[in-house]
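In the two assemblies presented below, chain A is common to both, partnered first by chain B and then by chain C.
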Partner chain A sequence: MSKIVVSNISKSFGKTRAVKDISFDVRAGEIFGLLGPNGSGKTTTIRIILDIYQPDSGKVAILGGPMTADKKNHIGYLPEERGLYQDMALERVLTYMASLKGMADADIKTKLPAYLEKFDLAAHAKKKCKELSKGMQQKGQVIATLIHDPELIIIDEPFAALDPINTQLVKDVLEEERDKGKAIVMCTHQMSQVESLCDRLVLVDQGRVLLTGSLEEIAEHYKTNEVLIKPVSALPASLPDVREISRVNGSYKLSPEEGVTPSQLLETLVSNGVAMESYKVLVPSLDEIFIHVVAEGKKQND
Partner chain B sequence: MRKIWRVFKYEFMSVVSRRSFILGLILVPLLPTIIIGLVSLLKPKDSPDLVKTIVKEVSTTKPYGVVDESGLINDYPNWAMGQLIPFEDESSARQETQAGNLDGFYVVSADYLETGDVLLVKPEVSMVAEMAYNATFEELIRYNLVNGNDELYAKLVNHVKVTTEYLDIEQADTRDQKDPSTFMVPFFISFFFYMLVIINSSLMLDSVTKEKENRTMEILLSSAEPVDIFGGKILARGLASLLQTVVWLATILLLAKLSNLTLHLPFKLEIPTAVFTWGIPYFLLGFLLYGSLMAGLGAMVPNTREGGQFSLIMNMPLILAYLALSEFVTNPNSAVTLFLSLFPLTSTIVMPTRLVIGAVPIWQLIVALLLLVLAVWLVVRGAANLFSSQNLLSGQKFNLKTFFSTLLFGKKSQKA
Partner chain C sequence: MTKLFKVAKFEYTRNVFTKRFWVALLLVPLLFILFSLISTFISFKSVDTRPVGLIDRAGIITQAQKLKEKPGLFEIQIEFVPFTDEDAAKKASLAGEHQGYIIIPEDYTTSYEIIWKGNKAITEEVMDFATQYLSENLIVNETIPNKARIEEGMNLRLESLDGSIKSAGASWQRIIPPIVISMLYFALVMGSGNYLLQSLVEEKENRTIEIMLTTVSHKQLMAGKIIGNIGVGVTQLLVWAVIIAVALFIFRARIPLLSELIPDPALMALSLVLMLVSFVFTASVLAIFGATVTESQEGQQMIGLVVVPILLPVYTLSVFMNSPNGVLARILSFFPFSSPLAMSLRMAFTHVPTLEILLVLVVQVLFAIGAMWLAGRAFELGMLQFNKKVSLFKLFKKEAGDA
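What follows is the complex of A and B.
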């Protein structure tokens, strides 16, 4: 079941078109990556989804329909532009944030200590936020996003300011939430985190969708069938089915002719007596796809 | 349930649990009360009052000499003897002064009746004694101007007894013009209300701009409607400032009564209880008016610094009213005063001040209050429009035209 359905939304601010005809959906039990370079329209899209901004055209269905006051209580949001009341104790700030999400005081009193314990912040609960490190404040904000057990979680750069241990902690928490059937929208520039966490993604730039689909579908779409081999002896100057051979750190990258698959290429190498220490099909990283797609999109725009 | 009460609860507790608020609420009224209370407790029952003490001090000083070159002063009445001593010539008076037997001497010029010139010669500055002796000397001159006729002199000093009958008692300025408290108390009350409204509405501005700066605003907006955030804030801060005003006003009334009982001031401090009963609704509505303006301003400015700069423009009517203070204190029934009393942006400080000055016609009190309520309703609606997500999350530069068009006509900004 889709928790968010974005249908052809557009939004302009003065003469600037921030979002142009964007559509996608986010399902229960998945982590959905909303990716794009800075200023691509991600934040505006999120604000439209959350009913903070009204779209000029198109519509958004969230948790089964238009946004209502009650639905806000079922959404956890960690914006990119975020902060805490610096002169207030962490516990008090989180209590306020939770109460704004409709939690009863008694419920907050039961859940908050458990969350503080889980994020290793129990000893700092009474400290003013300005006395906490950036990482601690970031974990506090993650608690504020999750404490009311939202059905839908929207998090923008959740790993910013976190060390590797806390990054892993937040990743584990997000996976737990997904396993509970929550829908999670994640914005980040850390492609390695997208690769390890996201089930599907949409890539936007200059306010429009450039790419959408599951990680597998995207990898399949952008695969080049190139292989990296380490031969035991020198390679012949030319090989059938191979368009180009290039040296890469003591190995060889082979670019096959159009329509030749990696398995067909392996058969060709073996039948031509090429002995190999290793054979690896090259899959483009999300980083490479991101750069490639954004560059292509810019060319088309120009 | 609407989130307004949750915002209200948090904001109210944030304000009243702040150390500066608690200290201000308790210490500001407590310290002067303790001081006056201690003076009252420690003072012996038969101790002289302030005026008597000054008179006594003056009477222990040395007399002044009088050299009359005009031939006017022929009689020295009993009340002047001992304080003023006649001398034949200036040199003998100077000699006595230098010898330390006199505190100084007056020389009445030969052409006094034409010029009124009198020279006072004294060895050192002694303001209090000089004031007292000048008064006695002036009376001596008056006494001799009527040739020492006690009956005429009595009529002269008692002036003319005028009894005033006012056709419209409500318009009457029945104040004693010689009483220092006649002007001092209105100035104080005016300043009190001016500061209360300015400070509390500025704190409202500060609260909104800080939430923009510390980047909690977007989190709040994802949880509650802008109007709930605005409503919760203005009500919480209104209640907190009302609490402060009630405590401080009650203390002022109490201190005025205590001062009259214990300090024996040369005047009586009178603060009508109407200042309390009418002043509180005027203050509360004034805060809602200016607090809403400040909240709207806070929503539109990108940071606290810019908010501070533009708050001066918003506060301008209050500042102008305060600058016009002498007009409505001295002429409480003038047309300018009436306008300032009824105009909603100034009535919040002018009307409570007029209540100290004297009787204000009840129709003016009611009309001003109704106009204030109407203005609050309009401004709160306008400020709620300004308090939109787009304004709160944008970093756009403040635009006065957009501000007032949205405030007055409800056109929402479309810039990001």
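What follows is the complex of A and C.
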């Protein structure tokens, strides 16, 4: 079941078109990556989804229909521009935020200490937020996003100020939430986190969708059939079915002719007596795909 | 509890349950005393020391006026010049040689009323000298039937020189209550208005606004903040009211002056209505500042822009005393920031036409509505602008914003 359905939304500010005909959907039980360079229209898209902005055209269905006051209680949002009330104790700020999400006082008293314990913040609960480190404040913000058990979680750069241990902690928590059937939208520039967490993604730039699909589909679409081999002895100057040979750190990258698959290439190498220590099919990283797609998009726009 | 009241409760408790709040609460009365001293000094420097004519129709002035040859540095002396002919006294006043003149009517010993004739209100100094001079003469006069009445002082009737304006006297007893109300208004703006401004700027500065806007609506957030911070202001006023009430209870019997305060119900009612309307205007202006600036330091600077015009009538108190229906006093009555103080002072010093009072009220309501509209617009456009100010010009544009 889709928790968010974005249908052909567009939004302009004055003469600037921030979002142009964007569509995608986010399903229950998945982590969905909303990716794009700075100024690509991600934040505007999220603000339209969350009813902060109204789209000029198109529509958004959230948790089965238009946004209502009650639905706001079932959404957890961690914006990129975020913070806590600096002059107040962490515990009091989180209690206030949880109560605004409709939680009963008794529930807050039960759940908040557990969350503080889980995020290793129990000893800092009474401290003013300004006395906490950036990472601690960020973990506090993650608690504020999750404590009311939202059906839909939207998080923008959730790992920005976290060390590797806390990054792993937040990743584990997000995976737990996904396994409970929550729909999670994650915006980040850290492609390694997208690769390890996201089930599907959409890539936007200059307000347009450049790419959408599951990680497997995208990898399949952008694969080049190139292989990386480490031969026992020197390679011949040319090989059948190979368009280009280049050296990469003591290994060789072979770019096959159009239509030649990696398995066909392996057969060719064996039949030509090339002995190898290793043979690896190269799959483009999400970073490379991101850079490639954004560059292509810019060329088309120019 | 609705989200609006949760926001209001949060805003209220976070301000009231702090040491800072209670320190400020007790410091403000001290600042008021300081302002009052400065204001008194300015008034002192502008006191009219011209002589006053005196027509004694009751025949009770038998003693010559005793004036000091060398008065002290800040001591003021008002000379009474006797006249037998009212036309001559009027002529001297119209020529500007005298401030005005006092008539002691034939029935003074039964009515205890004197008449002040002048084109501006009788000053406190003239009143003091007249009271003292009359008392000195009455005490030595063997024919006065009710000597005990002398201690209660005289009644005063005011008339302009052409006789077109007549009213009861504007004594300090009438002036003190509106001034106290005005000071409380100033404190309300400085207190809850300032808290509101800081609260809005803080949401941007701390980057909590976007989370808040996905939890509560714009209107709930703004209304909750306004209600919560007005609650803070009301708490301040109540605490001060209790302090004043306790002080009056303790000192009223010992200090006769306190027992003479005369709160005029009509004046108090108008002052309160004007204060309310003007506070809505001022709070809206502060909300505009809060929504359009990016740092609390800028917000603090903006407070100064509001404080100065609110206090304009205090800075120009002598103008209100000497010309309460003059051009400047009228301009300040219509100017939304200074309107409550200006109108309270004018009504204490002189008679203000009813039509003008109504016009001032209508204009203030229009200003308040306009400011609220602009505040809503500023909130909509400015609250998610974290790094740049929103220009006032942009508030009036049909389409504005940023990606």
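Just so we're on the same page, the second predicted complex is superposed on the first by the 302 of 302 C-alpha atoms of A that agree within 3 Å, B and C clash if a C-alpha of one lies under 4 Å from a C-alpha of the other, contacts with A are read in each partner's own complex, and residues count from 1 in each chain.
As a working rule, a residue touches a chain if its C-beta (ideal position, glycine included) is under 8 Å from a C-beta of that chain, and two chains touch if they have at least 3 such contacts.
Predicted model, so just to flag it, every value in this text is computed and none were measured.
Undergrad: Label the relationship between chain B and chain C on chain A in the superposed model as either fit or clash.
TA: clash
Undergrad: For A:G259 in the superposed arrangement: first (chain B), second (chain C), both or neither?
TA: After superposition on chain A, A:G259 lies in contact with neither partner.
Undergrad: Of the partners chain B and chain C, which touch A:G41 in the superposed model: first, second, both, neither?
TA: In the superposition, A:G41 touches chain C alone.
Undergrad: Tell me the contact category for A:I75 with respect to chain B and chain C: first, second, both or neither.
TA: Once the two structures are laid over each other on A, A:I75 reaches both partners.
Undergrad: Check the residue A:G250 against both partner chains and state whether it touches chain B (first), chain C (second), both, or neither.
TA: Once the two structures are laid over each other on A, A:G250 reaches no partner at all.
Undergrad: Looking at the overlay, what does A:G273 touch: chain B (first), chain C (second), both, or neither?
TA: In the superposed model, A:G273 contacts neither chain B nor chain C.
Undergrad: Please indicate which partner A:M88 is in contact with in the superposed arrangement: first for chain B, second for chain C, both, or neither.
TA: A:M88 contacts both chain B and chain C.
Undergrad: Which partner chains sit in contact with A:K101 here, chain B, chain C, both or neither? Use first/second/both/neither.
TA: Touch status of A:K101: both partners.
Undergrad: Residues on chain A in contact with chain B in one complex and with chain C in the other?
TA: 13-14, 16, 18, 44, 47, 50, 52-53, 69, 72, 75, 77, 79, 81-86, 88, 96-97, 99-101, 144
Undergrad: Applying the document's contact rule, which stretches of chain C touch chain A when the two form their complex?
TA: 3, 6-7, 10, 14, 202, 206-208, 210-217, 384, 386, 399-403
Undergrad: In the complex, go through chain A and note every residue touching chain C.
TA: 11, 13-14, 16, 18-19, 39, 41, 43-44, 47, 50-53, 69, 72, 75, 77-79, 81-86, 88, 96-97, 99-101, 144, 207
Undergrad: Which residues, counting only chain A, touch chain B once they are in their complex?
TA: 13-14, 16, 18, 44, 47, 50, 52-53, 69, 72-73, 75, 77, 79, 81-86, 88, 96-97, 99-102, 141, 144
Undergrad: Contact residues on chain B for chain A in the complex?
TA: Residues 1-3, 6-7, 9-10, 14, 214-216, 218-225, 389-390, 393, 414-416 of chain B touch chain A in their complex.
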